[in-house]
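Next come the structures, one after another.
Paired with chain B in one complex and with chain C in the other, chain A is shared by the two complexes that follow.
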Partner chain A sequence: MNVIEFKDLTKYYGNVKGCENVNINIKEGEIFGFIGPNGAGKSTTIRTMLSLIYPTSGSITVFGKDAIEFGHEIRKDIGYLPSEIFYYDKMKVIDLLLYSASFYDHDCTSKIYELAEIMELNLDRRIQDLSYGNKKKVGIVQGLLHSPKLIILDEPTSGLDPLMQQKFFNLIAEENKKGATVFFSSHILSEVQQLCDRVAIIKDGEIVSIEDVKSLQKDNYKKFTICGDKLNHGRFNIDGVTELKEAENEVSFFYKGDVNLMVKLLGTLSLSNVLIEEPTLEEIFMHYYE
Partner chain B sequence: MNIYLFELGMYKKSIVIWSIAISFWIIFYLMFFPMIAGDEAAFDIIMEEFPEEFLAAFGMNSDLPMSSILGYFGLTFGMAQIPIAIQAANYGFGTLSIEERELTADFLLTKPITRRKIIVSKFFAALTGLTIVNACIWVSSILAIYLFKDGQTVDLGKVFILLSSITLFQLFFLSVGMAISVSVKKVGSVLSFSMGLSFGLYILNSLNSIFSSGFLGIFSPYTHFNPTYILVEGSYDIVYTLISVIIITISLTMSYFLYLKRNIHSL
Partner chain C sequence: MNIIKRELRSNLKALIIWVSVLSLIILVASTEFAVYHDNPDLIAAFEGFEDMFAALGGSIANIGTPEGFLSLMSIYLYLPASIYGALLGSLIISKEEKDRTAEYLFTLPVTRNQVLRSKIIAAIFYQIVFVTVIILASILIFYRYDLDENFYSFMRHMFVALTMTSLIFMSIGMLLASYLEQYKRSGSLTLGLLIGTYMLNMLIEVVEELEFLKYVVPFQYFTAENMINSNIEFIFVFLSLLIITSCLSGVFIFYKKRDLYI
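So, the complex of A and B:
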């Protein structure tokens, strides 16, 4: 069963394109990644799903119901964590969470305490006194306290330290095991790879590709930066290398292929530094969709 | 119900402050009435020195001299209409725009509720807040009149009629504020909007009195519910009151439909 179905979703803000002809089906129990650079239309797509924004044309179905017409019904089972967290500043964390819980039919109190303990969140502080990361934690608890069937995350990890990020991912994975579907938007490829089954890539408001994360990982580019003396000897110009930039002391390129080959080649050189990185999203775009 | 109670809770401090401030304002002004009444002759001479237009601009009328308690109260009340308007306009401009201004829309509007329920709850929460202040004005006005009437007889019926106009007066600013707030892209600062509306319409009323035009007053609730008129006639101006009710109805309908269709943007 499809939990979310986008059909030809298009949103224009006046003449400015938010997104165009978005078609995605997300299956029940799936962790679906949604990546794209800032301003690509990720938030627009998500906000139409929550009927914060009304589409220009096309439709979105969530749990088999139209997301605009039955918005309030389907939101019972949606947990949403926005990218920027803002709450009524003067409230205490616990009061905000209880207010949030008061919108749902069942009692969420025990879940609030359970989540707060996992995320190490102090419930008695005022929201205005919290750091950005702690506000984010409030957002996480707030988004999950009603045990939603669909969890929508809009760049959820910014502001969280790596330890908390891991805890958060575990939390999401656990909710997913219990049957929740997850829609995870991000501009960081690695975290999408870590968590998601499938991923849609959006660029300039249009979906350029929907792929299996495993296959994405398999033929992924790596970005090499190598420092040393007299490196501009042309030996890096082998199969699988692209975007080769050679200078006397530094060489950089993208490599896609057998890593062992490249390591062997590097082993023959005397280097002062090696940097092997995941390419940034922009770089991925350049290489996948040229 | 939870939104209503939550919103009302947010108004708590504001309700207390406005109640005290406006009540104190009325009592403070009326405190001086015994002195004016005591020196009636001297005071009337001073008043005669002013040009008629000037007096009209401040809502003074020869049928209701300042040396009578009703005349003096009418004048005080006319002044108190300004803070009443500012408060109502504050709530009007603020209530629907706060989610977008303080970026809490992603919280409230993603909950399993309809926008219809949000706007209705918010409207009644604001109205409740205004009504509490309204009640305080009733109490302090009647109290102050009795304390400082300086032995004059008071036609309390007329005072009641005047005080009853507060509800419509508040509704006017509340609903117009709401309608404007959902018509514009963003309400950056509520206070500048509400000050603009309440003083703008007050000036419109003053101009209307100076030129005795009647036309300018169509858009100003200060004219619709002119205290001097109400205290002299003992009733409302039917046409003006009707206009007020129509503007309120249009504003509320407009706010309702625009809010339902509004796109809520992120940062």
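So, the complex of A and C:
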């Protein structure tokens, strides 16, 4: 079953394109990554899904219901962590969390304390006295306190130290194990690599590609680095080679295709060193961005 | 219900400050009244300034009575009540976007209509509390001057007059805050409109040819002088309610349709 279905979603702000023809289906229980540089349209897509803004054309279905018409119903089961956190400055953290909890039908008090303890959040401070990272922690607790079935994260890790990031990832993984679907938007690929099953790449408001994270890494590209003498003879310029960088003593490139062919080619050369690696997602995605 | 409570709490401090200061002003003014009270010679000396007093919304003939004196200083009641309403109305709508909390509030499981409804209820309630406290404070402050039925009937009329006038500006503030792309300017725009219509009001009192304009100037609907001598005119109550309900309907229509500014 699909938890989220974007159908030809297009959003223009006047003449400015937010996103165009976005088509994504997200299955129940999966952790779906949403990758793109700043300004690519990630937040636009998310805000449309939450009916903070309305689509120019196309539709979004969440839990099988139209996201605009039944917005308040589907939001009962959505936990949202925005990229920048703004709350009522004068409120205490605990009052804000209890206020948020009052909008849901079931009692969330014990979950609030449980999450606050995991994230090491001081509940008695005022929002205005909190640092950026601490506000983010409040956001995490607020987004998860009602045990949502769909968790939407918009660049969630900014402001968190590495230790907190890890705790946060564990929390998300745990919620996912309990059955929650996760929509994870980020421009940091390593964290997507760590957490996600599938990933959509967005560029200039349009989806460039939707791929399986594992197969993307395993089956596709290999990163070759070759050392030796007088290697800049152009013989590596064959089908399947990209990002070719040739120098006198070192050549590096990505290769996608039959490895036997490449091994044969390497066998004809006298080399001092060879390195064959899995490329990082960053390296894989660079050519989508260019 | 939780949004109403939240709005009442976050706007309480401003309300207390407003009514305290205003009550203090009335208290100070009441000490000046002691001079006019039962002092016909002084009142006779003012007679040459009839026009000026008319512009302020009262008549010099009444200055010796508590209600007459209050009607002369009614500008200090109408203006603060309306300014409070204008600011409350525009701010209660625009603050979620201004403080960027819209992305929090509207991702909770509530409809925009529910939020608007709660905010409107809270604002109207505080506006009525504001007027009620001011009227009660006036009665209390002038209590030492043997108040008669004329005074109490004036106060009853003033209650309706102040409530209607301030609610008009409150709903205009709300409408501008929900309609304007530059929602941050809704407060100052409403205040500009308020001052503008008030100036016009003073002009109408002095220049008779401008009489016809009184239907577009809320301050003309319930002039303090009329509140003493005659009754509240039904047409103006109707007109006020018409303006208030159309503005508030506009709030629902415009705010629901548009993208939130985040």
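Structure notes:
One rule holds in what follows: the second predicted complex is superposed on the first by the 219 of 290 C-alpha atoms of A that agree within 3 Å, B and C clash if a C-alpha of one lies under 4 Å from a C-alpha of the other, contacts with A are read in each partner's own complex, and residues count from 1 in each chain.
We adopt the following convention: a residue touches a chain if its C-beta (ideal position, glycine included) is under 8 Å from a C-beta of that chain, and two chains touch if they have at least 3 such contacts.
Note that this is a predicted model, so its numbers are computed, not measured.
With chain A as the common reference for superposition, the partners chain B and chain C occupy clashing space. Using the contact criterion defined above for the overlaid structures, shared-chain residue A:K136 touches neither chain B nor chain C, since it reaches no partner.
Residue contacts after overlaying the shared chain place A:I53 against chain B and chain C alike.
In the superposed model, A:K42 makes contact with neither chain B nor chain C.
Once the two complexes are overlaid on the shared chain, A:S100 sits against chain B and chain C alike.
When the shared chain is aligned, no partner comes close enough to touch A:R198: not chain B, not chain C.
Within the superposed three-chain model, A:H187 lies out of touch with both chain B and chain C [touch as defined at top].
Where the contact sets of chain A with chain B and with chain C meet, they give residues 13, 47, 50, 52-54, 71-73, 75-76, 78, 80, 82, 84, 86-89, 99-100, 102-104, 142. For chain A in complex with chain C, the residues that touch the partner chain are 13, 47, 50-54, 71-73, 75-76, 78, 80, 82, 84, 86-90, 99-100, 102-104, 142. Those residues of chain B lying in contact with chain A across their complex are 2, 6, 10, 102-107, 109-114, 117, 261, 263-267.
Those residues of chain C lying in contact with chain A across their complex are 2, 6, 10, 99-104, 106-111, 114, 257, 259-260, 262. By the touch rule above, chain A contacts chain B in their complex via residues 13, 43, 47, 50, 52-54, 71-76, 78, 80, 82-84, 86-89, 99-100, 102-104, 142.
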